[in-house]
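Next up, some structures in structure tokens.
The two complexes that follow have chain A in common; it is paired with chain B in the first and with chain C in the second.
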Partner chain A sequence: MLQEESDLSLIIAHIVQKLKSSNLYAQLERQAWGSWEKRILKSLNSMCSELSIPLARKRPVGEQKELLSKWNEMGTDEPDLSLFRPVYAPKDFLEVLINLRNPNYENGDSLSFRTHLGLIQVPLKVKDIPELKEFFVELSLNTGQLGIDDSTQVPPELFENEHVRIGQKVLAEEDSAAAQQYVRQGSPTALRAELWALILNISSQPEDALYYEQLKTNVIQHDLLVDSLIYKDVKLTASNDDYYFVFEDYLYQVLLCFSRDTSVLGHFAYNSASPPKSYIRGKLGLEEYAVFYPPNGVIPFHGFSMYVAPLCFLYHEPFKLYQMFREMYVRFFFRLHSISSHPSGIVSLCLLFETLLQTYLPQLFYHLREIGAQPLRISFKWMVRAFSGYLATDQLLLLWDRILGYNSLEILAVLAAAVFAFRAVNLMEVTSLAAAEAVLADLSTLKVMPLLQIFLFATVT
Partner chain B sequence: MAGKVKWVTDIEKSVLINNFEKRGWVQVSENEDWNFYWMSVQTIRNVFSVETGYRLSDDQIVNHFPNHYELTRKDLMVKNIKRYRKELEKECSPLAEKDENGKYLYLDFVPVTYMLPADYNLFVEEFRKSSSSTWIMKPCGKAQGKGIFLINKLSQIKKWSRDSKTSTFVSQSSKEAYVISLYINNPLLIGGRKFDLRLYVLVSTYRPLRCYMYKLGFCRFCTVKYSPSTSELDNMFVHLTNVAIQKHGDDYNHIHGGKWTVSNLRLYLESTRGREVTSKLFDEIHWIIVQSLKAVAPVMNNDKHCFECYGYDIIIDDRLKPWLIEVNASPSLTSSTANDRILKYNLINDTLNIAVPNGEIPDCKWNKSPPKEVLGNYEILYDEELAQGDGADRDLRSRPGQSLGPKGSRSRDSGRSVLTTWK
Partner chain C sequence: MSRVSVPYHMKGTVALQVGDMRNSQGRPGVQVIDVTFPSTKPFELQEIMFKNYYTAFLSIRVRQDTSMHTPAKWVTCLRNYCLMPDPHSEEGAQEYVSLFKHQMLCDMARVLELRLILRQPSPLWLSFTVEELQVYQEGPKSPSMTFPKWLSHPAPCEQPTPLLEGLPDPGRVSSEVQQMWALTEMIRASQTSTRIGRFDVDGCYDLNLLSYT
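Right, the complex of A and B next:
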């Protein structure tokens, strides 16, 4: 493939990405996001003044040298993080979403919405099961799937061998669109790293390696308050995780660079949020002295590092890992913690989840609501993290195959509903929110694909 | 007459006792009539010793073979493997084939090892050949990483050089004997850390050899980043993966205990290295376990009252070659994390289901062929009787790798046609 051709297809791919975002409720989003943004900035600033730590400072040379020598093992020399706390946790964000109201909405508008008993009160359009069946047609019962048809009981000649062969062909032909279609049926473990890179149009060029090195230099030279938040988050989540603790040091290498990567600001063009701003000391309110803080415009919340962790199973070079994570973030993950009306935005996902549950498992839904256990309160954290840290890694990767394959996060909401359906019998017997949480506390034994298939294609609706 | 099984143990561990109690077995003391004794290695020595030993009756079962140390003492294990290799070479078996450098193609799975002080001079010759290498000194009779240290200079083991020259050196007590092995200084690293594999293998009989592999083995990671630099030779947190050592490190975490499941390892390797090399690695691991058992089978006292659950320690190097480090007769039953406790509880449960069929009073004359349903998380690693049955087809389940791992291996033929000699 000629260099120009591949560059062009890359550019086109990016343009297509940007055009896909919808912006119908622009005003609503800006208002809601505006006040939320103020809150988190306030929280960040007060932490800053409480602890008398600047938002950013240049490191003295000695400290720079030390950090450079420890670059590969930042996990071991932990600074004192006891006074830091995450800027916000998913449940704080949920409260904001629950309080979203569309100022233009009138009661008489949508009959069906008036009967919506969930927590989300914004009448966005979400798919119903017939529409989901059409959208996710490749997951149907008579199509082979990895995650189902590759189990030990099934002879590999029936599906797996052929599927692997096709995957190898797709890779050989470097066909990004074909790869995206292909992974809808799951990616073979050995091909996944390459397939995902192909789908996201990530090719590792020398200038990318250089860019990463620049970011690394940035980290060495300047210390950001946000760094401590990242540190704390990794220590609280990934370090304690059975699957991801091994990769702790990679997480620092990726996330510290990520927070300094101003190219990430580009995604705000199709994200209705805007990056938080800070002002040079003493120049509050003067636009000429405004800077984005952190430089990439993304304030990490509790659990943020879990977006990166699963990728460590696929990419063991920090710079490749970085590229893949950054692209996954600006394409998908950012939607999980910003307010928008996009069908893959977290608001839509919450609504989709609640609607599915209320429509197809009404008894369960009403029961849980009665005992003060609104289902969304339990499933929200799963969706915000794209299930990372809740599912076994091999299952999570099969799920993320489908996120890439369908270029949509809606599958997260469908899976959340499917999990409730699966444990419905036990849930019907609980009498408190705590008991409901307990039934749904451990998802590590779940097999994702059978759950999805049964929920979408084998449940009587 | 269906009496309850009477059990004794001198190892006070809840994973054992809970398993006995849940079967409704009755605890007795060792002086009474017992059916099942889960003993420490000291006790088994007494039971089978010439002076203090006693005959076991048909309804008594113990959890060690009398001379398990042929496999579980570091020096004897190496001796037996060397002897086994020589025997195969003598009978011109294809298994003993060597490459152009004189290294065994299929049986080179133990790092070069010498006994000290006995082989001191041989060791020095080898040491001088590879001058920049590191060697690891391990006391023969100890466990949990005790007494282990690394050397890269002859002067560091002066003591043994002195002693080997003097003919007045008194017969070494087992406490004084050491093995010295070439240190694997290029271990496979994940997240920059060294790890080893702990795999559990149950042997119900040595002749015919019948052994089972527990599917839920685990990796033990060091808490500190690996560095082969000579300045870190003394830092045991870098080099020794034993939990007994690592749990005293600053960064030891009590939630995951620095452990990964073998299936995580498999997923990681398949994702980053590909399927073929990963399958090959796991096949080789199964292979070396079976070969080690075959090596000691001829010298093992195959007492019908005995079974044994071994803890195999394996290290993988950065070329994805597995090395057998040692075999433990009494793998730790202490639980360092919640997951650990569950794993060890299930391990004992599945072991008892195989060793004491139906949980009833045992009869050591039984054929030791449990039905498939009771295996639990064990899978047949090698069954000599089955392997000697007719044809390679029948062999399928008794071949390593075939029934283990997510799919088992499919393509095992490249260069391994010798495996038909398994029979």
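Right, the complex of A and C next:
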């Protein structure tokens, strides 16, 4: 009975999301997205033909056995990946977003009141600070927060003990909506894994473990070109990170299975992108032999593995980790690398960031613009990765608590603006883009919640 | 409720502007579209459906056929209906909109002509209009069903006929059948809905290059 209820609530949550997602403005998005997708496909195809590596091949039995025995330590493999290059990096995607234009919008060549001063030129509706204050009301100064009110100087009787007690009660009641509301004030470390699973309606049934085993079998049987891209990405990003390199093997186990998971294709119903298609060799054009490549329709880009890495701190069984990552991807992370007009889509986040900075730090914005350091060029990579790899892990998990709690990615744009506000004094003194990047290169010492609170609730406007 | 599309003739949009159109700098912010129904006699309007294209506010005036010999007058049936909450931003700019009879300010019987008045006060947009306009009248009513008499007036409880020899008690049989049915329902309910999700075709996943369509 519980399984049925949670299945049903999951389906309802999905439907609500689809209804809430604002219209995908056909003209604007299809053109831009179409040409971007074509570019990615061309890049993948050319890699395939240049390196003479097939998009997919069936592994011989010997190789299958070898991979099965090494499944838990794929990180020890050192294949030659020098010829592979990531299909695209966030900065390429930023160029596409900068060039998004609405054909019905009066841009004009000369600067006028119509031109946006930032990089994004699409007039989407974004929240301003009064609306954000209302939306993020649980982050206000007179509400307790984990990340602020659990620091060593604050006696735990004031907030922390009570908050943990409520968290345990929420878990005991198995109330998903209450968990989502609870987590807005932060989640205690001990309860976080279960709370997130409760919010996302992930209950680990034996059939889920079986499904994961099936995906593992698929990985062992077929070798995809995308696998090499994943390997390269993990080696370049997560393996080099002080916090995440220990999870390298887990990342392979999750990401390789993720690209074989056809259930992810379901999210294209509310994503403006479409999965790349191909045909079985020799059957070009025959619809019965049309397949998607990769099977889950998602081509990883540079930094993709960083979406998984923070979850490794919470979940230790591969199939549970896999389920959580997959659900977080189809709910949140896909919006960070696809074009849409959704308020949590990356275009809206970029515009929100630029608007906040322009409105509340106009001198800083003007100065950075004058020296050729448009702020979005620096903060884009933070937002695309949801700050993974830039913040310290405990701070990152506090941030992702709020993403789950508010079911929205807008907090990423607010945090990006808050970081600029925090380092404003140093930034006003720089004279080049490189110097501005240097000032903002290291975010690992930042405390996320005080920054957000000050920017939203304590800045004099 | 069924609905039937009514063929219409849309006269060209007329832009209203203050002052001389040739010399002024700005774009017109008001456009008027006349919709006539030459091939239909006056009908009762059920629904208007269209796709918005950057129109911020919509007003509709209707001219109805009056039975008396007075000239038909224009009546406003929808006043400043907001299509875009913020005229400067994209929200609502390309949405599909349906307007029903009950949202109108006046009775929509015997419609002769419609006039759509589109307003877009923001100077940011190059043009604005409504597209794919469709007008519906009420369709033929489905014939009212008469229930068979035995459904609406169930017969009073009768005495069960005496048992034939050798047959089991019908009460016990029906309760056993019910139990079996409950068991099958339980099994059906516990079946998982997760799909197997094969991505290959008959075990083969040998691909061409990716297609660009």
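Going forward, the second predicted complex is superposed on the first by the 437 of 461 C-alpha atoms of A that agree within 3 Å, B and C clash if a C-alpha of one lies under 4 Å from a C-alpha of the other, contacts with A are read in each partner's own complex, and residues count from 1 in each chain.
Just so we're on the same page, a residue touches a chain if its C-beta (ideal position, glycine included) is under 8 Å from a C-beta of that chain, and two chains touch if they have at least 3 such contacts.
Since we're looking at a predicted model, the values are computed, not measured.
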For A:Leu158 in the superposed arrangement: first (chain B), second (chain C), both or neither? neither
- Query: Is A:Phe245 in contact with chain B, with chain C, with both, or with neither (first, second, both, neither)?
  - Reply: first
Which superposed partner A:Thr189 touches (first chain B, second chain C, both, neither): first
Exercise for the section: With the two complexes superposed on chain A, say which partner A:Asn218 touches: chain B (first), chain C (second), both, or neither. Expected result: second
Across chain A, the partner (chain B or chain C) reaching more residues is C
Touching chain B in the complex, chain A uses residues 72-73, 75-76, 150, 152, 156, 188-190, 192-193, 239-243, 245-250, 312-316, 393-394, 397
In the complex, chain A touches chain C at residues 4, 7, 22-23, 25-27, 38, 41-42, 44-45, 48-49, 54-58, 102-106, 114, 122-125, 205, 207-208, 211, 214, 218, 222, 260-263, 276-281, 284, 288-289, 291-293, 295, 341
Touching chain A in the complex, chain C uses residues 53-54, 85-86, 88-91, 93-95, 123-128, 189, 192-201, 204-213
Listed in rising order, the residues of chain B that touch chain A in the complex are 190-193, 221, 224-225, 250-251, 253, 255-256, 258-261, 263-264, 267-268, 270-272, 274-275, 278, 339, 406-408, 410
